[in-house]
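Both of the next two complexes hold chain A, though its partner changes from chain B to chain C.
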Partner chain A sequence: MNNLQRYINNANISRFRLIFQILAFLLLIYGGYLSIHIGTSIPTFACPYNQECPGTCYLISAQHQLHNTWSDLFGFRGKAFLTGFITFVLLFLVINKAWCGYVCPLGTIQDWITKLRNFLGVKFSRYDELSFKRLKIIKFVLLILLVLIPLGMSNSLLGLPLFSHDLSAPFCQICPGRVITPLFIGDTSQLLVDFTNPTTMIMSTLGILVLALFFIGSFFKKRFFCFFCPMSALHFLFSSIAFLRLNKKGENCTRCGNCYRVCDVGIKAIAEDLEHTYMVKDDCMLCLKCVEACPENDCLKASFLTIPVFSSTEEGFFKRNLHLDHEMQNPSNQSNNEDITKNDDSKTK
Partner chain B sequence: MKRNLYLALSILLFLPGLTARGQEALWLSNLPPDERQREIRASGMHKLSSISAGRGQVQIVQWVRKGNNVLNADYVLNSEIPDAEFYCYSPHGELQTCGVDSTKTFKEPGFRNPVEGYYNLYMIQKNVRNDTLFVQIAKAELLNHACRNGHKAVDEKIRPHIYPEVIPLEITRSRIRLENLHFFVSSGDKLTFELSRFSEPLKDALVTFTTHHGWQKTIRSNLEGEAEVQLIQDYFTPWKEVDNRKIYHYLAVAEYTEEQGGEYKGQAYRYTHYTATLSDGYYPSKIMYSSLSWALGLFLLFSLLIGGGVAFYRRRRTRIYKELKWTKA
Partner chain C sequence: MIQKPNKRYDRLSTASKKRLVIESDSVLNELQKESAGTIPGMDYFYGLARSYSRGELSKQDKKKYIATSCVQVPIELIYAAGAVPVRTCSGSHSMSQAGAEFLPAKSCSLVSATFGTIYTDSIPVPSKPVAIINPTTCDQKKKLSEIPSGMDIPYYTLELPPTKDSEEAQMYWYSSVKKFSRDLEGITGKRITRSRLKAAILKVAKAQQAFRQLHQIRKEHPSMRGTDAILVANTFFYDDIDSWTQHVDSLNHELAQGLHRDPGISDNNAPRILLTGSPSIFPNFKLPVMIEAMGGHIVADEFCSSNRLLYDTVAVDEWNMYDMIPALADRYLKACTCPCFTPNQDRDRKLLSYIKDFRVDGLVYQTFSGCQLYELESSRIGSLMEQENIPMLYIETDYSPDDRGQLSTRIEAFIESLSARK
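Here is the complex of A and B:
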């Protein structure tokens, strides 16, 4: 057992993740060709606008189910909503936010765009601390709108008139996955501006704007879209009770900052927080790159139902060192923003 | 005079279906008459007309209409065809009770509490006139789907079913390759109707296709019993008035006569004329209200603006390199 644990701790989790992501991508984009069906409450982007998708992202199911009158929601349709919701939570609990880091096809596409940027030698960006704190609220705002708008289409909210039916599944209308995933099966039918009425025009134009932001943003900033993803916000609500966990032993931490530097979403708390043990923050996608980059024994540890799965070890760190993201080893590849962040931080300190 | 005679003879010889015409086609429609509009609710994604059947139950209903004019076809009254037979097959092929309430003004066949998938609803009306037995088969293929029920076994659910042991002439719309539970026919689509008699493809039957606004095309079925027609866009609304949620309706009428004599309700006949009708809804073509080129143009514009913005921001934040040299005094 010790040998197996040692083997895993020394393993290159990034390579494993890359393979896993490709397999998950193939499953969620082309699974329909094999008549695979994995349900309608999947806790990641599995976009049914792609006709060959083997399942349905929970966000679209939830938006449809919430588009009902109060009486229906508290009646027989409420049961369908509850069933879907419980299924979503149960599926989510198994691997926690690793759904984002290992399974999400949009995340995988963003990682590929990052690889392209690396290849082209373009510098990447990080948010400064203040922007980071402000921007992370957006995903929770989107999550609230995603719930309120479908409800407001069938019920008057605070005496407001009913919202237009053209706002049906509002988040899906601006989600880049709706356009991108069908493109992989050669379907361009979702790439359009709908001129039917002002609502459809605004929503479809907004969708195109978000699509452009997705591509350009994720070219300059790793996992750019994940920062605004309401699925990530929904995950975070249940993250603290999930089975797969990422814990930190503060007393083992030397604050070297490796974990922060390799973090694609730029969570500073992973390096600076020495008090809390549970380290899965709202933006975390449990990619476990931080564990991989940590040189201290047992400082960072991923566990499943308290069983250690992958721990940071000095031996593992040195074994993997050659394979680490070259950006970590080569700070010159990082945009000036980072320097400014450091300066700002030093000023605040 | 002689020319008219030739014309009449050619019609008699080459268009046998026409000899038996003179009856208006009966068809099943999802559109309620004005008098019933208020009671009707749209059920499921395909907006099937439904009425409440009490205690949370619903009844999907159709109306029998006559004539080829889709827009203004009359609704058949209950008293007009009292001996019509109705058959309703569930998506699993089970024959269900097809409730026709004789107290209602209009003929309204329907079925209760639908499950997911295609229902086949048929009405068969027979009568003898002159020496011909007219068999009118009105068919409706009704897809019941709600996303909350999931999307399992889609191919199985959308597959057309026929019932040759009961229905003498079947008309079915062929499914397209990527058709799923969310599929809607749109203007501009090519539709193929398959005709079959006793499970065998029926060739040389006349199929008359009529759009919502009255455009008509008559074609003959080929050796495989298929009749293909393009649902043309026969109306042009200013784009501001295009309603992408408006459902239009088409009507396909297949006719076939064969020399098959017999006796029906004490009346002898020499020929049997079959008419099978199928009506369904269609949406305006997407190209009427949406644009790929606009989307691509906007995407490029936004990308340039965002990319340019990032580049400009980075350039603004770049500190000019200054080389400092110290010389020892």
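Here is the complex of A and C:
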């Protein structure tokens, strides 16, 4: 057991994640061809606008289920909503925000864009502390809107007139997943501005704008879209009771900042916070890159129902880092050997 | 002021160098006599220290050398620019006397020895360094570059922020290191390319891995004297880095097997001591040698010359210049526990973790007279130790051997009181 633990702690989780993401991507984009169906409460972007998607993103289900009058919601339709909601929460609790880091196809696409940028040698950008604090509120605002707008279509909120039915599933209308995921099966039908009426025009234009932002933003900023994603906000509400956890032992931390450096979403607390142990913040996607980059034994640890899954170790840190050395060409090693023999010679003299 | 070159300068330079050999040999003889060759892996490091004092370091002759006056200089960049870094920080009493001529009376020995080393041309490398990199850490070091002494090696001031926690300070340091990397290219005439910098980072990381292993081994099998461990870290700049790393690896191998045990610490009940404060740099091992001769065992040290130099790691996310340089900069700033930063609570936390991990019985806090920063932090560390119920011995000293008698009495009493508590 100890050997297994050591093997895992020395492993390159990022490589594992890359492969896992590809498999999850294939399932969520092309699963329909195999007649797979995995439900309508998937806690990640499984977009049914893509005909071959094997499941349904919970956000679209929730928006539809909330599009009901109060009386219906407190009646039989409420039951449907509750079942969906509970399924969503249960699915989410299993792997916590790793849904974002390991499964979400939009996240995966952004990671591929990041790889492309890295390959091109273009520098990434980062929010400064103040912008980070201000902008992170947006996803919660979007979450509140995607609950209120469907409710407002069937009920009068605070005496307002009912919202137009063209606002149905309002978040989906601006979500880049609606346009991007169908593209992978060759369906370009979502790539348009709908001129039916002013509402559809505004919403579909917004959708195209967000789509453009998605590509431009994620080229310069790692996981650009995730920072504004209402699914991530919804996740966060239940994250503190999830089974897969990321914990930090403050007393082992030297505040070297390695974890923050490699964090794709730029969570500073992981490096600075020495008091709290639970480290899954609202923007976290549990990619565990921070655990990989931590050189202190047992400082950062991912565990599943208190069983340690992946811990930071000094050995693992150097193994992953120095592994790169073997990938480099031999000439440097040769010259090193020459130096050593030269030194030995001079000593024998 | 002595003009260079002139007869008096030549005499001073020759005499200081000769006295450095005598100082080093007396320390090394004492260390080797005590250990009586029980840890064969140490011989290489004793040998390095000996050749250092004689100016006979076997580094690559064709390369350019760049002197550093403080551990805060990112040496990976120097390697990447095709040069070899060499330390000017010195623990030599004769060098501190040579340097003292230019400095105020209350300067710390370490700074005057550093200046003496530079001034008397005693940096032990085959060719004269092309520059001295001087980070703006403590006031005394930072003002060294302004002392008129007719020296011909140009100083380069590497700007370091006075705090390290704020985003502004970090950004300032990033830009400062970035500028340094560009200026280095000008100094050495060799471009810092992506692959060279990557190779340099990995080369130093290997040395760090070996050093951290030694650190872990000292935690688990305390079979080595602390003075020897301090010497190992001290010799880091004295040889080609890969060869140094190789020898530390074989020393680790020897120690981990537990075959060899230093007779000096055969007693398992010897009081376990943590040494901190102004760094003991070879050949100023006055305090560590004395502590271990009196029956204490230095299980760990928190010195910039050992732990801070090699412990903290570089984590690069994307192996491109734009990410490697900030990653390097982070290694020298964020986890640093130098008292030139304020606030410096990380030092408290580091000391507490050492006390726990190395099961420390008592703390010895060394300050060199004139080193205000360590003096200023002593009261904070003192009250922290009181809280933790760890006895602390505060010692203010310098490089001169004059206070040996007085010190030995105090240390003996401290160690005896620790033994009585056990």
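Assume the second predicted complex is superposed on the first by the 321 of 349 C-alpha atoms of A that agree within 3 Å, B and C clash if a C-alpha of one lies under 4 Å from a C-alpha of the other, contacts with A are read in each partner's own complex, and residues count from 1 in each chain.
In this text, a contact is a pair of C-beta atoms (placed from the backbone, for glycine too) under 8 Å apart; a residue touches a chain by one contact, two chains touch by 3 or more.
These numbers were taken from a predicted model, which means no experiment stands behind them.
Participant: One more residue to check, A:C256. First (chain B), second (chain C), both or neither?
Facilitator: second
Participant: Regarding the shared-chain residue A:F238, is it in contact with chain B (first), chain C (second), both, or neither?
Facilitator: Neither chain B nor chain C is touched by A:F238.
Participant: If you stack the two complexes on chain A, which partner ends up touching A:A293: first (chain B), second (chain C), both, or neither?
Facilitator: A:A293: touches chain C, not chain B.
Participant: Quick check for you: in the superposed arrangement, does A:F85 touch first (chain B), second (chain C), both or neither?
Facilitator: Neither chain B nor chain C is touched by A:F85.
Participant: Using the superposition on chain A described above, determine whether A:E314 touches chain B (first), chain C (second), both, or neither.
Facilitator: Only chain C is touched by A:E314; chain B is not.
Participant: Under the stated touch criterion, which partner chain does A:G39 make contact with: chain B (first), chain C (second), both, or neither?
Facilitator: First partner only, chain B.
Participant: Quick check for you: in the superposed arrangement, does A:S204 touch first (chain B), second (chain C), both or neither?
Facilitator: A:S204 sits against chain B, while chain C stays out of touch.
Participant: Looking at the overlay, does A:F184 come into contact with chain B only (first), chain C only (second), both, or neither?
Facilitator: A:F184 contacts neither chain B nor chain C.
Participant: Under the contact rule defined above, give the chain A residues that sit at the interface with chain B and also at the interface with chain C.
Facilitator: After superposing on chain A, chain A residues 123, 336, 340 contact both chain B and chain C.
Participant: Hey, which residues of chain C end up touching chain A in the complex?
Facilitator: Within the complex, chain C contacts chain A at residues 47, 58, 60, 165, 167, 195, 198-199, 202, 205-206, 208-209, 212, 216, 239-240, 242-243, 246, 312-313, 315, 317-320, 322-323, 326-327, 330-331, 334-335, 346, 349-350, 352-353, 356.
Participant: In the complex, go through chain A and note every residue touching chain C.
Facilitator: 118, 121, 123-124, 128-129, 251-252, 254-258, 261-262, 271-272, 274, 289, 293, 295, 314, 317-318, 321-322, 324-325, 328, 332, 336, 339-340, 342-343, 346-347
Participant: Please name which positions on chain B make contact with chain A in the complex.
Facilitator: Contact set of chain B toward chain A: 56, 147-148, 150-153, 155, 178, 180, 239, 242-245, 286, 289-292, 294-296, 298-299, 302-303, 306-307, 310, 314, 317-319.
Participant: Name, in rising order, each residue of chain A that touches chain B in their complex.
Facilitator: For this pair, the touching residues of chain A are 35, 37, 39-40, 48, 51, 56, 61, 64-65, 76-77, 80, 84, 123, 125, 165, 188-189, 191-196, 200, 204-205, 208-209, 211-213, 215-217, 219-220, 335-337, 340.
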